[in-house]
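Presented sequentially are two complexes of subunit A, the first with subunit B as partner and the second with subunit C.
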Partner chain A sequence: MMSTSGRVSSVLAGFLIRASAVIVTGLFLWILFDLLRQGLGGLSWEFLLADPVNAGREGGIRSIWVSTLLILSVCMATAVPLGVAAAAYLAGFTREESNLAQLLRRSLEVLAAMPSIVFGLFGNALFSKLFGMGFSILSGGLTLACMVLPILIRVVEEEFRAVPSEFRMGAAALGLSRAGMLFRVLLPLALPGITVGLALGVGRALAETAALIFTSGYVDRMPGSLFDSGRSLSIHIFDLSMNVPGGDTNAYASALVLVGLLLIINGITAMAMGKRFTGRKRA
Partner chain B sequence: MTSLKTSTSFPSRIDRVLAWALRGAGVLAGSLAFMLVAFIAMESLPILAAIGPFRFFTDPSWHPLQDRFNLLPMLAGTLFVATGAVILAAPLGVLSALFCRYYAPAPMAVAYRRLVELLAGIPSVVYGLWGLVVLVPLLGRIQPPGQSLLAGILILALMILPTIALLADSGIANVPRDHILAGASLGMTRWGLIRRIVLPSARPGIIAGIILGAGRALGETMAVLMVAGNVVQVPTGFFDPVRTLTANIALEMAYAMDGHRSALFMGGLLLALLTIALVAASHRFGKGPAFA
Partner chain C sequence: MITDSHPSHRNGGPYPEDFLETPCHAVASAGHPSDTPSALCSTNLSLWYGDKPAFQAVSAMVGKGRITALVGPSGCGKSSYLMCFNRLTDLISGCRVTGHIRVGSDDVLDNSTDVVSLRRRVGMIFQKPNPFPFSIRRNFEIPLKENGISERMDIEEITEASLRSVGLWNEVKDRLGASALNLSGGQQQRLCIARALSLKPEVLLLDEPCSALDPIAGGVVEDMISGLKERYTVVIVTHNLAQARRIADEVMVFWMREGCGSLIEQGETAQIFEAPRDAITAAYVNGVRG
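Up next, the complex of A and B:
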């Protein structure tokens, strides 16, 4: 039988638990409504299609999202092939679960935990200074690629591992080369998982600010090439709200665009998750 | 069959090339962490060689242009902000996960989890914007200027709460069902089950989530930079403005030269070392790799 103190603690716990849910929901709604209230007013087709004027107080974000897309493209074009290949290696496709693979896994974990500003320092020292790329879209994109690699590799590796060994054995019994097995069996089966990894990586890269401040830089003009500096959407929000008096409206509108993009990517991830090989196997 | 060409010869040349390419990719990806630490250490070497490691903690102030390099106020700022955020967010996150698993009706639990996931997906710069425009003026009404240690703690707590809640949630979901059924058949109440069975057995997951949250809090730059006021001082109260290691780098990197730049990399090195210590802690006390 329950003691009185037990009953009191039970009631108290129930109250606290429900209260915490109310608090979290309340905060979420507060942020959401604030974003919508202050952002919707500034949002329009002109805003999306015009270049920023007067440090971004007026005009729109055309050059900003072009830069953002370019940075993302550089990031993904580097990270995806490298990540998929590294994941194939770690998933034991080369049949060696060596100490080396263990060490690599541990090191990727450290990489995943590194603060983004540290990536910014690294990118500034390596890409901007040593490789002479300066403040450029290329430098920013490559820095972000280092940042999203761990999560990409983790998701894709898991996906490769989820392919039942019968598939590999079957392919081997048919005399398929390792290359054939990778390109015709494993990659097609792992495609939904790769999509998930890709979407997670894009989401992370899109949300990133600190790693870009001194790699891709601040310049809000339309970039002419990958060697130009370009300002990402996240940096635009930061700059408008911190350094530009009277920039709040456009900062909010840009924030709304950014959050909207991330929601779309989340949706894609959720859809791809449903199709994942790991999911099918369990079903 | 089109695949015949690639499929006949057994340990073919293409396989050997592929094996080397994959190993190369693996090694490159895996060596990034070492390269990262090495580069940052290398860039902070000039200042370390010039003044030694101790003056970063004993110099009278942080005036890098006048050859004074005390990083202690920033280190204190980072630790205070992160600790405060974890103290606030950890209980709230765990309680919120318990709500999701044991108190909410099924449809509400699904909706609530989706909401927490959405919160986890909001970028830090948007939290910073909200903090700057909404939270800081509110705090400023209690005690100006509003940009303060407290503002930093609140924003960071909000940011890491979803992380902790989601990891606690998956830790709780992995508690063996048999244990819970056994407890229930002994007549334990819902809270009794949670306290005696669920929480102890979900502990590694919960701790992993808290450590991950702490890592986020230590490393967060933008949100803190936007709300914490960035005055270089060891705070004496919650309403004092503070500057964190991360904010210090973001603020000064743009114009830093020579020794100053090197000292900023030293701050980055401190952050990297703190992070490595946290990863080690998550292996020791949590259930291994939570970071990804």
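Up next, the complex of A and C:
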């Protein structure tokens, strides 16, 4: 039999757990509802397909989302190969945990906890000034790559580790070289998980503001090349709501587009996760 | 000494002089038929996991084209011993091996040994069937392409021949594109053997290949393994003494001594079962111990 105090604390715990679930869901719905209420009016095809006019008070966000996608592309094109390689290294391609692997792991932990403004200043100093890229999409994309790498590497490493050792042993016993094992066995098996890591990284990059202000800049023109400055969606929202009187409606509409993009990415991730669990099923 | 009467060693053989001074030689002259050349040989081989010894000082020869069964209770180092021959022990962290191993005339434990080509010559089958979770076709493509065979025609031909040699071709020829995981356990194990054979190895190491299968599937796999004799040198770890007696030419008995595994007797199958020299072997094969 449960004592009275035990029953009370059990009921209390149940209440707290349910309450926190309600609060978290409520917060999300509140934000979404607020965005829809204030932003839906400004959203239209014209909004998506026209360039911003009058500091973004009028016109649309075409140049903004083009810049955003370009920054993201640079970021991913850099982060994915580096991330997969580093993850493969960490996931035991060395027989013993080497000093270099430990150093890498520590560095990643520190990097993951670094505030994004620090990445922004670092990117500004390294890519914009030292490498002479100035305020450009390239500079912003590379800075974002530094930022998403820790998350990406961790997820991909976990994914490599999750590949059962019987496949590693089997592959080795068949005379597969390390590269062969990585490209022919581990990567295909880890691909769904890598997609998830990528989506998490993209999510972080898409929402990033602080790291981009100092690197990709905030020129709202259509970029002509990767060396042009480009304004990302998040910076556009920040600028409209903070610096541009009368920009609120377009700020809300832009925020709605950004949240929509993130939700789509989350949906794709969820699908990849689902595939992962059915794909690994054993007959 | 019997040493001098051993024809394969009298003229120097494939092994250097000091190699012949080792217990490996003594074992060979004690129980090994002198007319079969050895395919594998271990000399004073010991293995540790961290500080814990798995087996100590095992010296033995495995005859070419014969089936050698490793028997003995669990935990006395049989599987670990097997993994030394293709250096799969490299993949286990904290694992340390000392002594000498020869495959043909190659010194396996030497640092300069190319383990990738060694593993192509010395195939291995595991207790739990481990086809890659891809299509049946891809299970052959991966190792063959790694091995430098990239022509589609060649790959198809080798795949078919390998699957035929394990009696699986007719069962799977219409669904080579289907996942290998949809096959039954016995079929998966035969697929793994076919996959190993596709690389044309000289030696096949089998680590309890039938123990994860039901008796009927295990029987099919066992018959298949008997059929490999003469074309391949086969070393098989088994807990099933009856199986060892049915398929093996030679038997090596492992036992725990002072907390770690050791080889207590090696000999022809008939001799081990009918006239064992060691008292523990006698008790073990008669079902008194183990």
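We take it that the second predicted complex is superposed on the first by the 243 of 283 C-alpha atoms of A that agree within 3 Å, B and C clash if a C-alpha of one lies under 4 Å from a C-alpha of the other, contacts with A are read in each partner's own complex, and residues count from 1 in each chain.
Just so we're on the same page, contacts are C-beta pairs under 8 Å (C-beta built on N, C-alpha and C of every residue); 3 or more make two chains touch, one makes a residue touch a chain.
What you see is a predicted model; the values in this text were computed from it and never measured.
> So in the superposed three-chain picture, is A:Val219 touching just subunit B, just subunit C, both, or none of them (first/second/both/neither)?
Neither subunit B nor subunit C is touched by A:Val219.
> Just to be sure I read the superposition right, which of the two partners does A:Phe167 touch: subunit B = first, subunit C = second, or both, or neither?
second
> Just to be sure I read the superposition right, which of the two partners does A:Ala207 touch: subunit B = first, subunit C = second, or both, or neither?
Only subunit B; A:Ala207 stays clear of subunit C.
> Using the touch criterion from the header, give the chain among subunit B and subunit C with more contacted residues in subunit A.
B
> Going by the contact rule set out at the top, does A:Arg184 touch subunit B (first), subunit C (second), both, or neither?
Touch status of A:Arg184: both partners.
> Between subunit B (first) and subunit C (second), which does A:Gly175 come into contact with in this model arrangement: first, second, both, or neither?
In the superposed model, A:Gly175 contacts both subunit B and subunit C.
> Would you sort A:Ser9 into first (subunit B), second (subunit C), both or neither based on which partner it touches?
Only subunit B; A:Ser9 stays clear of subunit C.
> Kindly classify A:Val66 by the partners it touches after superposition: subunit B alone (first), subunit C alone (second), both, or neither?
neither
> Subunit A residues touched by both subunit B and subunit C?
Of subunit A, residues 174-177, 180, 184 contact subunit B in one complex and subunit C in the other.
> Inside the complex, what are the residues of subunit A that reach subunit B?
2, 6, 9-10, 13-14, 16-21, 23-25, 27-28, 30-31, 34-35, 38, 81-83, 85-86, 88-90, 93-94, 100-101, 103-105, 107-122, 124-126, 146, 149-151, 153-154, 174-180, 182, 184, 203, 206-210, 213-214, 234-235, 237-238, 241-242, 248, 251-252, 255, 258-259, 262-263, 266
> Going by the contact rule set out above, which residues of subunit A touch subunit C in the complex?
Interface residues on subunit A, with respect to subunit C: 95-96, 166-177, 180, 184-185, 188-189, 279-283.
> Hey, which residues of subunit B end up touching subunit A in the complex?
The contact residues of subunit B facing subunit A are 3, 6-10, 12, 14-15, 18-19, 21-36, 39-40, 42-43, 91-92, 95-96, 98-100, 102-104, 112, 115-119, 121-130, 132-134, 158, 161, 165, 189-192, 194-195, 212, 215, 218-222, 225-226, 246, 249-250, 253-254, 264-265, 268, 271-272, 275-276, 278-279, 289, 291-292.
> Which of the residues in subunit C end up touching subunit A in this complex?
Of all residues in subunit C, those touching subunit A are 86, 88, 90-91, 93, 116-120, 123-124, 126, 128, 130, 132-134, 142-143, 145-147, 179, 181-183, 192, 195-196, 199.
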